[in-house]
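Chain lettering (A, B, C, D, E and F) follows the sequence in which the chains are written, and residue indices restart at 1 in each chain.
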Amino acid sequence: MLAATLLQAVMSAPDQQLIDIGLRLALIGMGTVFIGLLILSVSLPLVKKIAEGKKARLVAAGSEVTPAELTKHEVAAITTAIHAHLLRINKLEDMKLTWEMYEKPYSPWRMAGRSKMLIDRTSFRQRSR
Amino acid sequence: MLAATLLQAVMSAPDQQLIDIGLRLALIGMGTVFIGLLILSVSLPLVKKIAEGKKARLVAAGSEVTPAELTKHEVAAITTAIHAHLLRINKLEDMKLTWEMYEKPYSPWRMAGRSKMLIDRTSFRQRSR
Amino acid sequence: MLAATLLQAVMSAPDQQLIDIGLRLALIGMGTVFIGLLILSVSLPLVKKIAEGKKARLVAAGSEVTPAELTKHEVAAITTAIHAHLLRINKLEDMKLTWEMYEKPYSPWRMAGRSKMLIDRTSFRQRSR
Amino acid sequence: MILATRLLTALTANTGELNLSNVNFASYLGDSGFGQIEIGNVIMIIMGIVMIYLAIKKDYEPLLLIPIGFGIIAGNMPYNPDLIPIGYLDVLGGQQSVFKMFYFGVSSGLFPPLIFLGIGAMTDFSALLSNPKLLLLGAAAQIGIFITLLGSLFLGFNIQEAAAIGIIGGADGPTAIFVASQMAPHLLGAIAIAAYSYMGLVPVIQPPIMRLLTTDEERRRKMKPTRHVSQTEKILFPIIAFFITAFIAPGAITLLGMLFFGNLLKESGVTRRLADSAQGSLNNIVVILLGFSVGTSTQARYFLTTDSIKIFVLGALSFAIATAGGVLFAKFMNLFLKGDNKLNPLVGAAGVSAVPDSARVVEVEGRKYDKSNHLLMHAMAPNVAGVIGSAIAAGVLLSMVPH
Amino acid sequence: MILATRLLTALTANTGELNLSNVNFASYLGDSGFGQIEIGNVIMIIMGIVMIYLAIKKDYEPLLLIPIGFGIIAGNMPYNPDLIPIGYLDVLGGQQSVFKMFYFGVSSGLFPPLIFLGIGAMTDFSALLSNPKLLLLGAAAQIGIFITLLGSLFLGFNIQEAAAIGIIGGADGPTAIFVASQMAPHLLGAIAIAAYSYMGLVPVIQPPIMRLLTTDEERRRKMKPTRHVSQTEKILFPIIAFFITAFIAPGAITLLGMLFFGNLLKESGVTRRLADSAQGSLNNIVVILLGFSVGTSTQARYFLTTDSIKIFVLGALSFAIATAGGVLFAKFMNLFLKGDNKLNPLVGAAGVSAVPDSARVVEVEGRKYDKSNHLLMHAMAPNVAGVIGSAIAAGVLLSMVPH
Amino acid sequence: MILATRLLTALTANTGELNLSNVNFASYLGDSGFGQIEIGNVIMIIMGIVMIYLAIKKDYEPLLLIPIGFGIIAGNMPYNPDLIPIGYLDVLGGQQSVFKMFYFGVSSGLFPPLIFLGIGAMTDFSALLSNPKLLLLGAAAQIGIFITLLGSLFLGFNIQEAAAIGIIGGADGPTAIFVASQMAPHLLGAIAIAAYSYMGLVPVIQPPIMRLLTTDEERRRKMKPTRHVSQTEKILFPIIAFFITAFIAPGAITLLGMLFFGNLLKESGVTRRLADSAQGSLNNIVVILLGFSVGTSTQARYFLTTDSIKIFVLGALSFAIATAGGVLFAKFMNLFLKGDNKLNPLVGAAGVSAVPDSARVVEVEGRKYDKSNHLLMHAMAPNVAGVIGSAIAAGVLLSMVPH
């Protein structure tokens, strides 16, 4: 039945002019898409140049240390150091955050979740994925 | 005065037909609520059966370890292990998160809060609740 | 040209009545702003009194320990203790949070970010600010 | 000459009725609060302050009472409505007031289903799945709705108004607002304030009724622990529950559709980010705007009427009846239940909904008589069933009463 | 006498056509699901359940299929539209249904640009910046749009309808909805459902076509690792890309403007909180409402038509053609590329967009033939280029076809 | 024959004026940017790029300048408005453009109060509570508003326009937009851009004026440390401050109501989740849409007028006068204050509002002369007082000037 419907639809094909319009639309449309993305793709290396031009001044003197040379442990060490440094700056703020995170353990809107926790207390959710 | 108002209102009682309509509405309404929730309550065991049918296949071979048997320390250990495992998967992403969390410590929109922190630097907020 | 435009505009000055209205608006407006903020500023000490009246009852007996006396280490210790205490209360809930945070590491909507991580794996973002 | 004409035109055309004689400080004061204040505004503002006080000090539904309370204050600050549109009904020179735009979410019925979406996304139906027969307690408590409907007819309200007032007894703010917005928009403010006020006052209203209708022995009764509910059950529940309830009460499709949709987002396990926003930021935004709007809709000139007083009296009545209905039906069910299957009738009081406050009241009351008796989990079942029940009741009324 | 008159007036004026004879249980049942259910509703509801099942079990685009699936269920629950406005087109007595208000975001074209804002704020264009020539694969895959357009004309649709149906081949839900809402609102439901369904089914549709058109050797080919992209490049990209694309296809300004605006918020480094909300809560809220609305717009009485069937057939066709277009164009490009610059043609399949599912399919297919071959990063480039490409195509059609 | 007729009908009825001769590449190019670009668009787009550059490089109000800057670009990309509705005023064949729908939040006055809600929820009024007399500095800086109003009258604007332009001197974007949307919608774009641009340029505009009007000794002066403010004070403040300000200036009820409502949500301690969303996701969403909309409303054809130039000149003037007003009034107050109660007059500059940028400028200037002198906390008091002050001024103008 589906096939019949489709067949019948194709049979009563629209006149040539409509198809011509469709073909032209397709040509212009496909052309514009290609031209647009082509111009974009040739302009992206320019973007890179502009960006590098700015960076060049910064790294002119010494050779930039490529991060690729860092070992996993060095990465961890640096991250921790930066973390600790910034932590000190933000200490008071963090304290407040920590503090307030536990501020209202029996809020009414958290009750539903809490009662579920009580039910599921000793069980873990099994996830199939 | 309130009493008088109410009394007067009750005195000018509506005609019998309106009350009849009200009574029928009440009956049909209450009936529908009861029937609806009754059907729901008898269908829930079916839901359980469907769900169990699916699960049965999974646990057919061995007996499921009931989480209730885990001690607090085991729970902690397992959670930590899973956490550590997933942490490794998400390490780079997490690093980024940590990194960016402290990215802009002097953002203009955080100034108000920051100035408050400076004021309250040495004091803790007393909460009555 | 800009100067000419402005000059011309000023030359064709509006009649006296419009200026009079403007002057009165300015006077009433500026007056209202001042009166409003003046009343507010004299009423704020009252707010303080009301608030202190309530607090007075609480601290009547002993002298309040000013938090300024706490050392950094004491603050850290107290915070940790409170944190630990509340953590116990919220343990199950927290566990759930930890658990679920890593629930779906390959969610489709996180793919874009993830593919970026793979690219930038060994590099750190240089920030100019 | 031309300049003079230009200016004359400018003055008359552009500045409207503004002329020098109007622009003076006395005239300004007359249009400020000093000239516009009325006793009704003062009464309403005090009511708003009391609500805020109760919310902060007593923790009565703060997420609702603070927005409503401040909204009452903002809606009742005196102003001259001929000069600038501020109030929730004001339109001046084609410009709607901002409060009217906020209120559109209430008057159009848009906010309540969004709230239900959020409630669905934060509700865990485990308790209900664990003990399905407790659903019936949520049905029984809806008796408050229909008795209040009859009472409203007696007090002279028409059938649409009576239906809207009755839903206060459902103890569900969004449901009450939804029905009122469709059936009796002119009573919406009073109905919403009554519903939310009594929801906030649940810890005051319910306990005496619960004690009156139960014996000491009943109150001490412990119930069987709830069973663990699997994830598959939780996923199937919102779909199946929606089929049954929407089939029986199509008028409830909008509200229950959003409720169970939210719940499916929560339980499916694959749409966490949607569930988080549904119950998080979206819900918060709607709660802020809904509460504040309802507050601003209590402008004294429209709100302080005998109808409002009647609605408050009927509302209190309906909460009391609903509570009694739940407790008594639990005792009735006990006639057919044996041994440790018997219910603690206190749990019936949670059938009024008012989630989760009435369940909390049950827990607190139960522990007054036995410190080790935790009824919270059991009370959650009738509690969420009460939400469904009053949505069904609303659906029936919306279908049957032309509006 | 006066009382009687008052009551008579009240009854006739206030209760509309309500009278005692209408208020009975049989009449109520007739207006409930029992009396209103039709076979079409049942078919659609089953379709909704299947979508939810696929989303949860197979993880096919759950963020879209679950809201749409539940929306289909909610939109097809039976009710009597003369009593209460529920459906997405219902207005009764001046009161719009809530679903109609939700649907406004779809029918007005408001939601798609907001989704694009979120997509921009979560998309990393590094892959594309790293290898710009892969952009052309995203262009090639848009052939699906225009061949489907021609096919639609053959099947008897008019030019506006054909344009809207063609955009399904763009494999971009929001773009398809945006174009349909402007060009052929009466087909919007079917087009949206087709677009999202096939986006969900990308892991089923694409692999056979990809295998058919590639040799074993091609599928095993590894590509050069992508280069590191600097932050400045990423900041410049959205601005420059917007200039070029909007200049060439002004009809795409709305969609691409929001896409690149979102991306600038992400990359600028100084608007983190805005980017977070654009891709977080705002995106989630819009996804919830858009998906659900699209679902409710499949009410059987309007949806189950031969037009819908044709649209589904054309949609499947367009996805297949788009995939083939991308793969074949990659092979064509290889004629001009040398050595390790040659492309793995599988990557071309990602040009259809359907971000990021089709890129994932490429990765999975590639690894079937060489475990160590990771194509994901390379596939992301045509993938996001496909989004831009179909927006340009949409812009051209919106400009050229009067509507 | 019948078929031919059907097709003819279809072609004429369905495809509108579409015919073969129109569908060619030359005609398409004519409707694209190539045929539609105008010099005005180029000027505006460059302006947008400069804004984005300043936001990213100099950190000038990035949360506002990036949305506005990109909005300017998007609003000025060339297109043919007869083919498709894109611009912020476009309606075509009953279909509103998306940008027009976004802009509704600006033109209706809906966004500014929502922004104020967020500002309230993120503002800490401790500094002000600690030293109430600094409130007067926030009053003094409003002189910029009224002198600009007079200046605008001299430049030929009518009284409504002059009032709207004057509010730029309040250095509060949302307040300026709110007043302009009610008083002079046709100038809204220019006023909004001027207000936000100068708010971004506060670090450039203020310092020279501050140095000109103060002595070295004054700039080095240290102020008494602020006292600790209790939580109860903070809870009472928004309520009491709203009473006083709304009573005196009812026209400010909408803006100040939302500001103090937001602050109560923050300080009450029981509505954290509402405060979080008010200052978080809701605020971000509104900031994104408001900034972008304001940007799109600068379409060259409407924006590049001598009126806009005048508004920019007046805006710069008003910021300068406001700064001078604050500094000079601080010096005036010092005539009555003794010893270490004397103010550092730099603090007066923060009275213009532009929260928190002008407070930051005060801190930076102060430390230029004494590294150990931290004026930030003291500057926050006039800073937030300036917000209240300009809202009061706006309220007075909205009440007195018919519109």
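By definition in this document, a contact is a pair of C-beta atoms (placed from the backbone, for glycine too) under 8 Å apart; a residue touches a chain by one contact, two chains touch by 3 or more.
Nothing here was measured: the structure is a model prediction, and the numbers come from that model.
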| item | value |
| --- | --- |
| Self-contact between copies subunit D and subunit F, residue sets same or different by half | different |
| Comparison of A-F and B-D by number of C-beta pairs in contact, larger one | B-D |
| Intercentroid distance (Cα basis), subunit E paired with subunit C, Å | 39 |
| Computed distance of Cα centres, subunit C from subunit B, in Å | 29 |
| Between subunit E and subunit D, distance of the C-alpha-averaged centres to the nearest whole Å | 36 |
| Subunit D residues counted as touching two or more neighbouring chains | 10, 15, 18, 23, 28, 59, 63, 159, 248-249, 269-270, 273, 280-281, 396, 400-401 |
| Set of subunit C residues in contact with two or more other chains | 12, 14, 18, 21, 25, 28, 32, 99, 103-104, 109, 113, 123-125, 127, 129 |
| Subunit E residues touching subunit D - in the complex, by the definition given at the top | 10, 14-18, 22-23, 28, 31-34, 36-37, 49, 52, 55-56, 59, 62-63, 66-67, 70-71, 73-74, 77-80, 83-84, 86, 93, 95-99, 101, 280-281, 284-285, 287-288, 292 |
| Of all residues in subunit E, those that touch subunit A in their complex | 59, 128-129, 132-133, 135-136, 138-140, 142-143, 145-147, 149-150, 153-156, 159, 162-163, 230, 232-233, 236-237, 240-241, 244-245, 248-249, 306, 309-310, 313, 385, 388-389, 392-393, 396-397, 400-401 |
| Footprint of subunit D on subunit F - complex, ascending | 108-110, 113, 117, 158-160, 182, 235, 239, 242-243, 246-251, 253-254, 257, 260-261, 264-265, 268-271, 273-274, 276-278, 280-282, 396, 398-403 |
| Residue numbers on subunit F that touch subunit A, as the complex places them | 3-4, 7, 10-11, 15, 18-20, 23-25, 28, 269-270, 272-273 |
| Complex contacts: residues of subunit C adjacent to subunit F | 2, 5-6, 9-10, 12-14, 18-19, 21-23, 25-26, 28-30, 32-45, 47-48, 50-52, 54-55, 129 |
